[in-house]
Structures are given as structure tokens and as C-alpha cells.
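See structure below.
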């Protein structure tokens, strides 16, 4: 029973991570048809923002020494800031470009950010001690679950609820939903394109920063590649969930997390290292069965 | 003084010229129909006016200000509202949410919420079937209801000029009658200027006003709708009799 | 058939000119006689194979693939399996099946088999991927790359996991690489003027019209995908022979980024663009490498920080995408006399 509960929490917390990542991607894809390959590097950047200006191997965490109620907003702001900057400096030039061009540009931007971090911090992962109190285990129905996992799941639920109310109840949210469905028509009603897009970027950047915080607290390291693994899963989740569908992205994120954890438990020991490969394989199976994704959104189908 | 003026407007898509050197103007309160066969450039013209497609050449003035190539949202905020072809409702949003989208540009002066609410009520009075379905998904409405919705939505932006591309497309004749009835009533009520692309020249003649015939990207005829309707010139121009 | 022959005659100038350029580079290397320069030119030829291979799929179908370097990985390791002396294989990769363990082929035979191996996998993956829409397919190719690298990074008994696989016979002369590059250019040209290539480009530009004309888009994409996969495999095999060592990490994001940027800068829809992109960006990379090592200016050494190379590449790529999204060559090819000509297929009456 305890084992099962532990597995459940593992699945939920990993799923939360992937769901948050997929959400960040889906938000931007929804309004701009852009698959933002730089998203993973916003994650890494947010974590390294905590370390600056120290470049030692064992990082003396500068901002990271702040109490959590200052640390979290600081990191979220850094993430949102980088995302908005990337929109202002790079993506704004691509308004009339086709999705493929924007995708490659975001790939290039991701590289620029990553190697910028490498230039400042070197490619060696640094150990950081972030909110160590969170790794304490907590008793839940007889199972010992790390407090961090509970917080991840709780935070994700909060974020999902908050985002949903923002989208459904506020003016800004209404404009974003309209823009995601039919950008041009929304503009013809006076919706300011740039504002909506900036909002999407800011939200997605903040989500990336949240993931960064979680990863940093979980693994205790800051590595320029750290966003990569989560983001790959997040991209896959967006595709499986149906490009452009926010609920689809979240659902698929949780499914992938569950699949990953289940594979870990079910696979024989020698095959466990290939767990990720199995997950990708499962993804391919899903795509054969339903190429358009689980919950496809309007206006994303190819014409032919 | 003309409300909307086009001078030598040319629109190109890559190597294809859709609209060639078109010049005309529309005065306040006028009803102007643009008719003509498929591919005449009518929709492209409206898109250029609304800011969706930048013209390759020429100039468009609205209310005395140059709006050539401006962003759609800027033009909408100046009081020019466009209802594109195909009734682009936001299907996943509710009817009321669709309507409320038009209120975003209202100045946030005191009492704007109340004003927006009263405008909403005015739209519901004009289109009672929308009120019945206010909380329902817009994507589930019938064609005629959707057409009413998009017109109502455009009206919520308080425009001086409303441009509608093919309001009759895909609608049954009696529904089209209803749509036009409301449009004309609204025009009188709010002193709107109407610019309507209407493939059915007959409809234009029925409603009356000014009519312009376009073919191959050019304006061939421009005059009173009813008068033109009687003339032979109209038919030849529309169908291209005597050409090639 | 007469049509095909006339298209061939009209467009053959392009691959010929490109190969003359490549030959020129080879002769330059021989003339300078410098070993490091020789290695640089070999690198350029390898990149030509990879980027042209990428062009065969990406350029003709318009679908961005982030996963093609996965085929390069497959080809490289296949070459390793086929050319490393059996005794060394037994030590580092004990899990290989007996028949493979005992095999030791000359490098050119191994390269051919490696290309075939990669092509087979491309056909299998492609079958699935080609049903997806453009953007979903691109993400799926990314997943495919990750899958290949994950498997190769962990399958200790067969690939030595993340340890370097050494012992691959090194081929130092420039000719095999030149031949590989020339072969690739002609294969790409041949595909581009073939019925399949033309159909694919038609589908790229006007999917609705193409489908209505009877083009089976998924099938044509699959053909291009398989062919390009094979070419990437060839590149991988030769890559292995150029340095004698392979690790999975070599064939991941870094190489993906480099090859994609070369294709984008040169012009995605152009074979000449692919080659030119390689030459231009390779020169840029070389300059940046020298600067990273440090350049003597008077008494002091000027060295740019590590990582600036990739940043510069990224910035160049973004600038090209903003100001000239079709790349330097756009959709045109090099033609004789050195003026630009429309792609094969345009201007056909």
C-alpha cells in the first residue's frame, strides 16, 4: 500500500513537471503558432539567475539565499523577463513568418541562451542547496513522501486553477483565448496583438522559472542542460495532447509522467535505463493511432 | 467630407495582382455595395481597409487619417469595424464572450462597465435570439444566428463604419432578409456607414443605395444600385460580355 | 523520359559546379600540405554530406527535421561495428552478435552498409512520422533523435554506452571524403529532378493543389526521408573514420544545431545553398576557433571566451531568418555562367 502510494506521488509529481512544461509551450503556440524551442533554456536561465554573480563550482547562492517568499517571485520574474525579452528582441520580427521559420529561430535562440550561460558559468554542473527543508519526508497514509513532491503537486494544482480562472474570468484572459482561436479576427475587434503575445510569453516564462525552481530543489544542481530533458517531454506532451489545446497539453503531461513512472516500476532492472526510450516508443504508438493528438484544438489542422 | 477614401490602391499576393489602382470614397451615412464575380478583388479590398493585408501601393484614409498598412487593432479602434467572410465566430467562447470582446477598446473612464453593459443590452434587443443563447457556445449556433452574432459583435466596438464581407454566404433567403432588415434598422438608429461586399447584385438592388461593380481587380461601374440594376451595362460588365 | 533527360541536361550544371568547388578545396588542402588544414577540409566535406543529406528531406518537403543526426549516429556506430578489429570489439562491446563480432570490412564497404542500415531505420521511422502534420512531425523527429541517443547511451554491451568507442581505422587521405561529398551532391540532384522530388516540392509549395493532382504526399515524403537517412548514415560512417572515435553525445544537439544552421543560412530549398552554407559557416567557425584559442596581437593575446562560437552561429542564424528567411541562395541554384537560375521544374512549358 505504501509502495503504491509512493508510486502514485512519483507519477503525480513528475506529471506535474511535464504538465507545467507543456502548458508553457501550449500557451505560446496557441497565440502565435510558435513552438518555442528556447523554453528549456529559460528554465536553466532562471536557475542560474539565482547564482549570479558567483561562478564558483560549488555555488555560493546569491539570490538563492533569500527567504522563499522573496526567492520564488524573484525567480518567476527572471523567467518571465527573459521570455518577454526574447519576444521583444527576436520573435517580434517574425510576426508574418511561417511556423517552420519561427521554430528554427527559437531553436537558435535556445542555443544562444544556453551558450551564454556556458560562457558565464562553464559547462560543469554546480551544486546548489535550495530550500533544503523541502527534502524532508512527510508521512502520508503510512508512506514517506518527500515534502517537495507534495509541494510540487500542490503548486501545480494551484497554478492550473489560477491559470484557468485568469483565462476564463479576466478581460486579458478572454482576449488571450480569442487570440488563440483566431488571432486575426481578435485584432479586428481591437485586441492588441502585442499585449496578448507579451502576456503569453510572460506567463510561459514564469512557468518555466517554476519548473527551474522545482528541478533545482529536487536535484540540488544547476546545469546548463537541465531544462532539456523536461522540455523534450513537454514538447511531446503538446503534440500528444493536440497542438494548441491547453487542457490537452496538461492531460498529456500527466499521462507521460505516469507512463514514465510506471515504466520505471514495471520494466525489468536491465531495461530500466532505457525507460525514456520506451516512453518515446509509447508516444510513437499513440501518434500512429491518433496523429492529431488526443484533444485537438481548432485551427491547427493542416489544410490537406 | 468622405469618411473613407481610397486612392490608387493596389493589392498584390506575391506575383498575383488582386486589386489594381482603385480609387473611390464613401461619405458618412452612405450604404455602399461592392459586387462582382469571384476573384474580383472585393474581399482583398476589404482586408486592406481593415489592415489585414497591407496594400502594395496607394493610400487609404479614414476620418481624415492615413490608415494605409496600419495594424488591424489600430484601425478597429479608430471606429472601422470589419466582419470578414465566413462568419468568424470564436466557436469555443460563449455568445456573450464573443460580444464582450468588442468592448475592450472603450476608454476606461468612469462608468465604462455600465456603458458596456447597456450596449450589450441594446444588441440583445436588436437580436433577441442571441440573448436566449447568451451563455451557449458560439460554435453551436446556426449560420443565420452566427451572422447576427458577428454583426452584433462588430457593433459593440461602436464603429462609425462597418464593413461586411458577404453577409449572405451560405444562408437561406429568408434569413438573409432578416439580417438585412436588422442592418438597415441599425444604420438608421446609429447613423452607421455601411460598406457591404455582396455577390448578389439583386440583393443590393433590393436594399438600395450605391453600388460598385468590380471585376479583375478594377472598378468598372459605380452608381445608384437600383438604376444600375435596370441597365444592360451592368450585365455586360458583371459577366464580361463582349470581352475576349 | 525525354522530359527527364532535358531537365537533367539543363540542370546538371549545378551539381557539376558544386563538385568543382569541392574539388578545388581538396586540391587546396593538398597544395598547402598542412595536416590541420587537411583535417579542416575533411570536416567540411563531412558537413557537406550531412547538410546535403538534410536538404534532401527538409529542402524538398518543407518539413523541418531535428532528428536527422540520429541517422548519423546509427551510421557511425554501424561503421564502428564493421571495421574495428574483432579483438577490440570483444573487449569494449561484448554483447555484439558473433557474426558481427567477427566481421571486419574495408571502410568503404562498411560505409555503404552503414548507409543502408540508417536508410532502413529511416524508412521505419518515416512510415510513422510522415502521417503527422508538419510541426508535429518536427517535434516527433526530435523525439526520435532523443530515443536513438538514449538507447545508444545506455546499451552498454553493444555500444559501450557513453564511453568512447575507439579503434576505428582512421582514414586520413582526403579523397574518400571528397568522393562521398560528390556522390551525395549527385544523389541529391538526381532526387530533386526525379518525379518524386518534383512532386514533393509541389506538395511543399501548394499542398492542396498537389494532393488534388494525385500526389501521395506521405509517400513522397517517406522516399525523401529514407534517402536522406541513408546519406546521413554515410556521413556518420565517414565521420567515424575521420577521427577514429565515436560517442553518442557527438551526435546530439550540437551537431544538429550546426548542420541546421548551415542549411538555413545557405538556403533551405537549394542544393547549392546547402553546400555554400557549409563553406561559409565552416569558415566562420574556423575563425572563431582560432580566436577562442587566442590570437597574438603585438604583445598580448586576444582570446574570445568559450561558447562565443555557438552564440555567434545562433545570432547569424536568427539574423538570416529575419532578413533573408530563404537563405543566401533562396530557392535558386548555381548555374552556368555563374548566374542564378530557377529550380529545375520552373519555366517548364
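Which chain is which? They are A, B and C, in the order written, and residues in each are numbered from 1.
By definition in this document, a contact is a pair of C-beta atoms (placed from the backbone, for glycine too) under 8 Å apart; a residue touches a chain by one contact, two chains touch by 3 or more.
Source: prediction; values computed, not measured.
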item: Most remote chain, CA-based centroid, reference being subunit A; value: B
item: Chain closest to the assembly centre - both centres taken as Cα means; value: A
item: Between subunit A and subunit C, centroid-to-centroid distance (C-alpha), Å; value: 31
item: Separation of mean Cα positions, subunit C and subunit B [Å, integer]; value: 52
item: CA centroid of subunit A to CA centroid of subunit B, Å; value: 42
item: Sites on subunit B touched by subunit A in the complex; value: 50-52, 71-73, 76-77, 81-82, 84, 88, 90-93, 97, 100-102, 104-105, 153-154, 157
item: Touching residues (chain side subunit C, partner subunit A) in the complex; value: 62-64, 66, 128, 131-136, 138-140, 142-144, 146-147, 150-151, 154-155, 207-208, 210-211, 217, 253, 257, 260-261, 264, 305-311, 313-315, 317-318, 321-322, 325
item: Subunit C-facing residues of subunit A, complex; value: 35, 90, 93-94, 97, 99-101, 103-105, 107-109, 111-112, 114-116, 118-119, 122, 228, 232, 235-236, 238-239, 243, 273-274, 276-277, 280-281, 283-284, 287-288, 291-293, 300-304
item: Footprint of subunit B on subunit A - complex, ascending; value: 171, 174-175, 177-178, 181-182, 184-193, 298
